[in-house]
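One structure is given below, represented as structure tokens, and several questions about it will come after.
By written order: A, B, C and D. Residues from 1 in each chain.
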Amino acid sequence: MKKILNKPADFVPEMLDGLCKAYPNQLTYAEDIHCIVRADSPVKNKVALATGGGSGHLPVFLGYVGKGMLDGCAVGDVFQSPSAEQMLSVTKRIHGGKGVVYIYGNYGGDVMNFDMAAEMADMEDIKVKTVLVKDDVASAPPAEAGRRRGVAGMVFAFKVAGAKADLGGSLDEVVAVTEKALANTRTMGVALSPCTVPMAGKPTFTIGEDEMEIGMGIHGEPGMKREKLQTADQIAERMTTAILDDLKPSAGDELAVMVNGLGATPPEELYVIYRKVNQILTDKKLRVHRAYVGEFATSMEMAGASLTFMKLDAELKTLVDYPANTPFFKQV
Amino acid sequence: MSETFNSQSLIGAIQRASQALIDNSEFLTSLDQAMGDGDLGITMGKVGEALLVYTKNAQPTDLGKFLMSAGMEANKAAPSTMGTLLATALMRAGKEIAGKTEFSSADAAAMLHAAFTGIQERGKANLGDKTVLDAIHPADEALSAGIASGLSLREAGLKALQAAKNGRDSVTSLQNKVGRASWLGERTKGLPDPGCNAFVVVFEAIVGK
Amino acid sequence: MKKILNKPADFVPEMLDGLCKAYPNQLTYAEDIHCIVRADSPVKNKVALATGGGSGHLPVFLGYVGKGMLDGCAVGDVFQSPSAEQMLSVTKRIHGGKGVVYIYGNYGGDVMNFDMAAEMADMEDIKVKTVLVKDDVASAPPAEAGRRRGVAGMVFAFKVAGAKADLGGSLDEVVAVTEKALANTRTMGVALSPCTVPMAGKPTFTIGEDEMEIGMGIHGEPGMKREKLQTADQIAERMTTAILDDLKPSAGDELAVMVNGLGATPPEELYVIYRKVNQILTDKKLRVHRAYVGEFATSMEMAGASLTFMKLDAELKTLVDYPANTPFFKQV
Amino acid sequence: MSETFNSQSLIGAIQRASQALIDNSEFLTSLDQAMGDGDLGITMGKVGEALLVYTKNAQPTDLGKFLMSAGMEANKAAPSTMGTLLATALMRAGKEIAGKTEFSSADAAAMLHAAFTGIQERGKANLGDKTVLDAIHPADEALSAGIASGLSLREAGLKALQAAKNGRDSVTSLQNKVGRASWLGERTKGLPDPGCNAFVVVFEAIVGK
């Protein structure tokens, strides 16, 4: 896969520089330490929300920094966790007096570093709580759901938490509703082609021209199984079934649905998938409260898609519908 | 008769370990590619480079502080799982010799033990989960036992190295239970654990062959 | 390139079905004739804006149907013009009494069909005016600018026209300001890899692993020249210079800037490009009034990017800044 | 002695042309790939299929209306450049025999002339721009001249076919001046024009070899 690059080692800082130059009124970039925070940080008397993780997943993570969603993000190298020092720096920059919630994906490096940052923040009298995103049903069976990795479902967590915080929720309230959102969120994905980490210079994995990987992670972690490429309808059904078997909604339930492109897959194909997902849900008397179709959590130029459902109650519906305005996510 | 070691020994050990990580970059990457995200060589190489820079011309007086800062540098250079665990290990080892300008064999054993405990606390894995713990734990026990029984640090170190290698090899047939490799489930059985191998690379460079 | 597809022949109707199911409150899909119109069409006493063109370019064309932008879109097969009958149908559905403006790219099939539709609309007493988008500097020299094809610059035309119409502009006023916008708009692109039309089943062109095509069109039309792949900075400079040489802005001028991904190129790379573009503009004392970075006009899974500048005056600035809300383009 | 032709002749001509477009699909695509977007075979094939469906079991009374509706069908099936021009040609030709149930050789010549004029008006190209006009224009002139000089429609048609081929070949060395191919500039010199070839395919099928 060809890339538009300068020196691979400069990829992340150059990307961050360009991004913050594109949205100078919305984002501030702390260059020395690769942190992105809202330009109006710290927002006083609001619970602050921080995330962090490796680069290469835009809009995840930093694309969701903005009004109605996150306050700040620690940016790692491509597919690499940021350091505890970066996370602490974000924490201090965004803290508005009501505490900070860390919301991020369940990856070893990230967890350890966020934990270290939380310990350091605690020493500076900033109250930090953590909500881990573990939505990928393909990464572990239900009995070991605690081991699951965090993928596109984190966007729903950002959305719900951001709305609750903007509405004046307390630290505990924001944590509680985000945990509720995630308890009701599941994701499943398929990959058709790999991506290339600039520093590595070669694809993260190889896959046959007629194959797909069911349940692949967003860094190219192998999934549940490799199979012959199926039709859009079969893939949609596959993902829908895997999620419903795990989430077990009841007829009449309302869902937020996200069909997410991993990078190279065009939106047209995502809508073909959505069509079938919508059909299956309608057949099962599940109602789509809101649909999100597009690129929300990517792996650079990987081809493939993921599907996320979040089961909604009245509170989650209000928070999902709440407006947001970030460089990558706008809801009116 | 108790040996003592000065700052130059410590710096030398760090530098040998750093160089070994750089030299084994491709090897570690290939192991991590088989069951993880294939970054282990890159991240360990970055840690090695950072520590070579950090130790170059260093003339530390407080060896504890020196090691703790080395940990911070390692974390900054590569905040990956192994990078962070290695950073934690350095910081915890540093705490054991806080304020000291030289250290004894017993200190060395205490440092390895603190490193092990730190990694366990930070990563929350159990023995047998097939992580770096399964190499560092037998090394820790062997080093402490060796020093306690009067062996020189080098002799005890060689025994500990052998214990680390045995530990590493003993888990190869198991399934990885935590971290990225755990998502591969059964497919990890029979594959060597990258983190265990990284520890052996580091420890062998410190102890010598 | 692998695709997530059912039967290739069903690709467009299935995509449209999925899309309209995803946004039932925003869009209405006339299934028989492949037209997408605003759910609240016709908007009374507003000049109505129609576009149309081949599929495979999402968000272009139909992604810009919505408040503050377009009223309707005739949807062709992949890379194919829709028919005059479809365009006439859109025209009739959206006409709110103040006339209709056709805004679309300068491609032979589209021009002829829109012309036929305009003649037919005229027979039904609907006043139609046409504004053709010809922004691609790579497709013809300045002396033959009338031959140029329409690419990502059309998004600025939609934005400006949509705002003017929403503000109550007359048919002539909307046409005039859209023409002014386009007279000040130029685009230039590079492609790194081809895409595959589902019905054709094989890539639109072939290109070496170390090559790029300068000035390639969004259907894979060959560009000005094929070259060795350059760095991001070189590519950015190349595109910027080509546009500035043609647009000839003066120091102090303000621009709207769009860095557009063609499909497979990740947003990260687009920001690396934007960084350099912004540097060059700053050096030349040109000011970026607003930057758009992302996928705005694509060629399915083609890798590459285009750059568009629109030189702004006070009126265009107001219209660019005006809010818009479509499934693919939201501005608050 | 003037020939007349009935609806079956007209339907037969449309069906032969349609089948020829389908049969030449790959050939036309390959020409369009060299200088355009490579869809010409697909679009012409679609037009052919649509017209075969349209003419199947048709029993038209008003041949003019029949041809005009054929044009609408062609446009719906493939609103590409050539599809739309072909649709325009059918509609304009239809106008020439509006209300008639049969037509003469002179009508046929008038129909081809109307088709030419329609394509010119719709596409706004000039002769020598290297478009379908450069094949249809000499055919139009030759057919009118042949009929005027008393040749049968078949004889005049064969002369017109030769003129179309000559016209087609005469522009191959030129540069395409309009449409998608024009963006290729100099690179089009020496490449046969896809649209001219499409016309020859259609016209040869109508006239016979």
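Annotations for the structure displayed:
The definition used in the following text is that contacts are C-beta pairs under 8 Å (C-beta built on N, C-alpha and C of every residue); 3 or more make two chains touch, one makes a residue touch a chain.
If you want to know which protein each chain is, UniProt gives these names: A, C = Dihydroxyacetone kinase.
Owing to the predicted nature of the structure, the values given are computational and were not obtained by experimental measurement.
Centre-to-centre separation between chain A (Dihydroxyacetone kinase) and chain D, using Cα means, comes to 56 Å.
Averaged C-alpha coordinates give centres for chain A (Dihydroxyacetone kinase) and chain C (Dihydroxyacetone kinase) that are 29 Å from one another.
Distance from the chain B centre to the chain D centre is 79 Å, each centre being the mean of its Cα atoms. Averaged C-alpha coordinates put the centre of chain C (Dihydroxyacetone kinase) at 32 Å from the centre of chain D. Not a single residue in chain C (Dihydroxyacetone kinase) touches at least two other chains.
For chain D, the set of residues touching two or more other chains is empty. If touching chains are joined by edges, the resulting network of the protein chains shown is an open path.
Chain pairs that touch one another: A-B, A-C, C-D. Listed in rising order, the residues of chain A (Dihydroxyacetone kinase) touching chain C (Dihydroxyacetone kinase) in the complex are 1-6, 11, 14-19, 21-23, 55-56, 58-59, 63, 192-193, 209-210, 212, 229, 231-233, 235, 263-276, 278, 291, 293-295, 298, 300-301, 303, 305, 323, 325, 328, 330-332. The residues of chain D lying in touch with chain C (Dihydroxyacetone kinase) in their complex are 36-39, 42-43, 72, 75-76, 78-81, 83-85, 88, 122-123, 178-180, 182-184, 187. Against chain D, the residues of chain C (Dihydroxyacetone kinase) that register as touching in their complex are 76, 79-86, 107-109, 112-113, 115-116, 139-140, 147, 149, 197, 199-200, 204, 217, 219-222.
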